[in-house]
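Below are two complexes that have subunit A in common, paired first with subunit B and then with subunit C.
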Partner chain A sequence: MTATDISAPAAGGQPTRRPRRGGGPARTTNRITPWLFLAPALAWLLVFSIWPSLNTIRMAFTNAKPLGGNERYVGLENFALILRDDQVVNALLNSVVFMLICLPLLTILPLLIALLVEKKLPGITFFRTAFYTPVIASAVVVALIWTFMLDDRGLVNGLAQQLSFISEPLPFLTERWLIVISAVSLTVWKGLGYYMIIYLAALGNVGKELHEAAAMDGAGAVRRFTAVTLPGVRGAMLLIAVLVCVAALRVFTEVFIMTGGTGGAGGEALTMVMLIQQYSRGFSGDLGYASALSILMFAITVVPLLLLGKINSRSNA
Partner chain B sequence: MSAVTDQRGAVPVAASAAAPPPPRRRRARGFGSMSLGEKIGRYALLVFVLLICVGPFLWQLSTSLKSRSEDIYTRIPQLWPSEPTISNYTRVMEAIPVWSFIGNSLFVAVLAVAGNVIFSTLAGFALARLRFRGAKVALGLFLATLILPGEATIIANFVTIRTFGLADSLLGVALPGMIAALNVLLMYNAFRQLPAEVDEAAVIDGATAFQRFWSIAMPSVRGTVAVIAIFSFIGAWDDFLWPLIVLTSPDNFTLTIGLQYLSGTFSNDQRMIAAGSMIAFVPIAIVFAVLQRHFFKGVEEGGVKG
Partner chain C sequence: MRITRTTLVTGVGAVVATALLAGCGGESSGGSDADGEITGSIRFQTWSLTPTYTEYLNGVIADFEEANPGTSVELLDQPGDGYSDKVLSQASTNTLPDVLNLPPDFALPLAQQDFLYDVSQATDLPATYVEGSVEAFRFAGVEGVYGYPWYLGTDVNYWNSQQLDACGLDSSAPPATTDELFEQAATMAQACPENYLISRVPGLGDFTLEGIDILNEDGTEFIFNTPEAAAIIDRYAEAYANGEMPPTVLNSDYLGNSQLFTEGKVAWTTGGATAIDSFEENNPSLKDNVAISPALNISPLYVQGVSVAADSQNLATALAFAEFVTNTENQNEFAHIANVFPSTQGSDGDTYFTEDDGTPSAQARVTGFESLQTAEVLTPYSVNGAMNDYLGQQIALAIRGDISGQEALDTSVEKLNDLLARQ
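The block that comes next holds the complex of A and B.
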């Protein structure tokens, strides 16, 4: 799911940048044929994207239950409850902290790795593929691996104690902020290869001529990096920054698995999506409240996207 | 490093009648060959990153092969099992119906690949190569849904699936994922980049829209189709949240849900959890290793570029 998100803005942004080449000849087909081609995709879009969006808004004003049954409108009650819900405050705070740590790490480290694998050295394909492996693994698998490594007696605590960095094991999987930090390390580790590919594509578009010209003018490696490489990948960097922010707000599996579905002691390390999931099932579930939470989540994820749009339109003007 | 750029660099030098060698040598040092020191440095860094990226998988693999008599919590990590055994894997097979979970995951993943490849190529072709009223609106619809995080509509999607009578069914898990707006746009992009002349001739010869799609356009966008197929498979195979919401009976569990069940039930048996996670990871790693050439090629061709 997340993996396919990379190229979203690229796909949308390209029409403005590239001269129009395609677009088949006019007056070739009848009016119905194009819609036959589009029908399945549009039907899916309607049933599984557009209708659920509207239905989410509708349900947010009801007390709908996961097991069906009587449903009635409750006005703004769900939203009023959100404002008084400590778990929502916790979840939002966790997301912000998570985002603030992930953002610098995931915009810079993948660029450095992309620069490392950009040169076509013998065996470079092997390294690229290997660096991409964490991306293709399921978040469940990755979270289980890290749960074991971050265990009180696990690899990380064991090594750190062996090397006398710490005297007592750190409770990576039970203390609230350590859970957040563990989730960050897991996310960064899993995301490196993903963002590396985006940078790699961007680096490929930076003209080699520019580098050569700069080198002929006597620019050193550092100067070439700041004067040629960085401006060349600026667009990719912005895109990645936004993707990282949005992804931070959508975190679920990592924390769910690492805390056995609890979100740590007292559920303090819960994320927004974990809250939505908790209210989605069983007798104690509440689809109305979960829908209100979904709207809140959507509203927050739109912010980084709007920022990107603004920056983009300014730099194009 | 192409011949074209070399010539371009050489022209002004020749024109100003200066001696060409010095700039060329400087350029060569910067770009052509790498000094031995730099090569060693680069490989050292590559190996370092490799250890970070692959190390945890190897550690898990090693744990899954350790026998019960071996301590898996030693302070100094033992990567090589002292008495390698596959007993942890057989115990996983006894604890959960692994094969049926794999079958369930495969079912969902195959539907996701088929749906995404067929529907998004059809739609992308129509948007890019057929001219008709309403094309812009349709394209706008696909673009607009991109900003919608799937998690925000997951509750309403569950209600829809329940209305269809598909709650707690594999079809219910597979159905919403059978098309992604993003893939339609990726195909739209790929089809748009084919030059218009390609199918003008076909139009003159009286080819139908479907013939143009199938025999002319499709063969030229194989790279993008491969990327979509690979991503759809991985996405469906790895998905956790949606099947977790839809499925309730263990018979229908996909592998990720089964794995979570395993880790919850045998939380103190780390060797078994390790074996279970390897069972989920190895198939996808093999699929990717086999197809990685198409993947990286496809990504370079279109997709991410821009």
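The block that comes next holds the complex of A and C.
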């Protein structure tokens, strides 16, 4: 018998009481405490995230209207309508093209900028600030400024005509793919600084000794970038790719402001979120159909995330 | 303090359940007696009227409270943007104010779902208000009248006289019909390629102006895809192709047109009688350079009303106050302050609305008041935002020349009928 055998009778002959499992007030309080800390966040999540998501799924199978009344289950009718709706095909294509152009630009350009401003040179803080400034500007204000610049009589067309690059103004705000490209330009310009900061943090974790060792082995700047820097920031790059994918598929403000909320002639530059907004707003909004579109949107957002996850796991293997 | 697991689970469960249920809305709790005593507190919601008209509104409230001891009215004013969303959220959570300012297109869906009280049960409306304004709150398929008519509005034409005169046109004889508009737009485009006369695309109102029916008689089907309507669109398309309209007109909405006019980029816009003041305030160079004329063809009629929530806990007070706000005396006073037009009978005897003192503001008011006598509601109230958006998109395609006007209308009618059936 050892001194630590608590089941053994104590010196006075009285048996030592084994602590009760989970019954005592002290143990209960200890268990409850973490939940009390979590409760506000959980309640918030439940009310503003989980409950609306579940409700959206429910409504997608109904003819729900904002004011209620005569709501009934319609099965897969809303999803069948999606298949027949030309606007959905258009909007889906616009959103995916927007994402496919934004993805490489916003994954690579911020890395190059981060490499430029990473160096500790006099006045480098000015450039870091300059690149980050668009991030803190209001998306609506920025979109309005770009709209003025890209107008037929705006700065861009005016300059291009004065320099004789073009004879007629380019319809940046009225032609489908030019609207998409204009919106991509705005998004990239506004997003560079944000992703640059993430890369700067990641670059700070790449050991200098690795660069020095590679240099001693005769590696040039390009080789050091591909063999040392890129593997060092791979995690950040994947994170940024995921963030860009999700944000780009949900593009709304840029195209909405640039097209005056119309999505261009024929609504041909509408994005998925604009389409959802179009159907869900107002007293007679079609919440059932808008919910079905939201579920489609969610499913489409998940695809690139799964792909990127797959790429990540293969790289780790 | 001892906290047991049961207490905790019960407490958290109660909080979460309350939070969830709070967002679920529910059935209307039912109103009080319309013939009851006029007493107690009510809330009165206006739409973008403060701070400009706060003094007037507080005066009306004070007069009502003095005439009805034991009552109190709380004034709520909502911003201009997003008012329909605000009312929608109030209705879906059963928190509609007792008395609220609503135009007929907002009142229609609320009346259909029994959120509003049929005020014709409480008041002999035709005895007080002009017929057209009462009819605006009487909806097909819903028995009753769902708002006291308040102030009325219409559009008049505003022309940049400096641009018109400089571009070979006569600002003292601006276009009076659509035909003249297109003729003069062509003249202006030739004389001043940098300036535009037209900066709008047609909509359902333009079809009504030309006598084209938008809906069938029972309001169940859109029927505006006629060759006459297609010809209107094709005419705009021709003007667009000839450079008589700015390219961004394809994206512009109604506000875009008046904004371009304020900036001096286009020579014509439409607006209410008060618009002249904001034009001159936002662009002082327009002062004394704006010619005013009645709207082309038929003038549009805009109606604002005061509705009463069906589940008001002080229904008698709410009804009495809504009637008080919209009585002849209060409407006349408001019309003088706000440059709008009263919906009560006998206002045409008021020289304020009929005599022009030579100021642009008075000219706009007198022109508007004359137009009001023949003004019509140009767009059916059952047309919602998604329908307007789709039609606008198709018309824009036709104006750009991608499809014909008839194709745009046929596609639109098919889609709008689908949306109407799903309402």
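Criterion: the second predicted complex is superposed on the first by the 285 of 317 C-alpha atoms of A that agree within 3 Å, B and C clash if a C-alpha of one lies under 4 Å from a C-alpha of the other, contacts with A are read in each partner's own complex, and residues count from 1 in each chain.
As a working rule, a contact is a pair of C-beta atoms (placed from the backbone, for glycine too) under 8 Å apart; a residue touches a chain by one contact, two chains touch by 3 or more.
These numbers were taken from a predicted model, which means no experiment stands behind them.
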Fit-or-clash call for subunit B and subunit C when the two complexes are aligned on subunit A: clash
First (subunit B), second (subunit C), both or neither touched by A:Arg281: both
Touched partner set for A:Val47, first subunit B, second subunit C, both or neither: both
Touched partner set for A:Gly69, first subunit B, second subunit C, both or neither: second
Touched partner set for A:Thr56, first subunit B, second subunit C, both or neither: first
Partner chain in contact with A:Gly266 - subunit B first, subunit C second, else both or neither: second
Dominant contact partner of subunit A by residue count, subunit C or subunit B: B
First, second, both or neither for A:Pro171, with subunit B first and subunit C second: second
Offending stretch of subunit C which, after superposing on A, collides with subunit B (from 76-84, 112-120, 202-210 or 364-372): 76-84
Subunit C-contacting residues of subunit A that also contact subunit B: 25, 28-29, 31, 35, 47, 51, 66, 68, 151, 260-261, 281
Sites on subunit C touched by subunit A in the complex: 2-5, 8, 12, 15-16, 19-20, 23, 25, 84-85, 88, 91-92, 106, 108-110, 112-113, 115, 246-248, 250-253, 256, 384-386, 389-390, 392-394, 396-397, 399-400, 402, 419, 422-423
For the subunit A and subunit C complex, residues of the former touching the latter: 25, 28-29, 31-32, 35-36, 39, 43, 46-47, 51, 63, 65-69, 151-152, 169, 171, 173-174, 258-268, 278-279, 281-286, 289
Footprint of subunit B on subunit A - complex, ascending: 1, 3-8, 10-15, 17-18, 21-29, 31, 33-35, 37-38, 40-42, 44-45, 47-53, 55-56, 59, 64, 66, 68, 113, 116-117, 119, 121, 125, 127-134, 136-142, 144-149, 151, 153-155, 158-159, 161-162, 189, 192-193, 197-198, 201, 204-205, 208-209, 211-212, 215-216, 246, 249-250, 252-253, 256-257, 260-261, 273, 276-277, 280-281, 287, 290-291, 294-295, 297-298, 301-302, 305
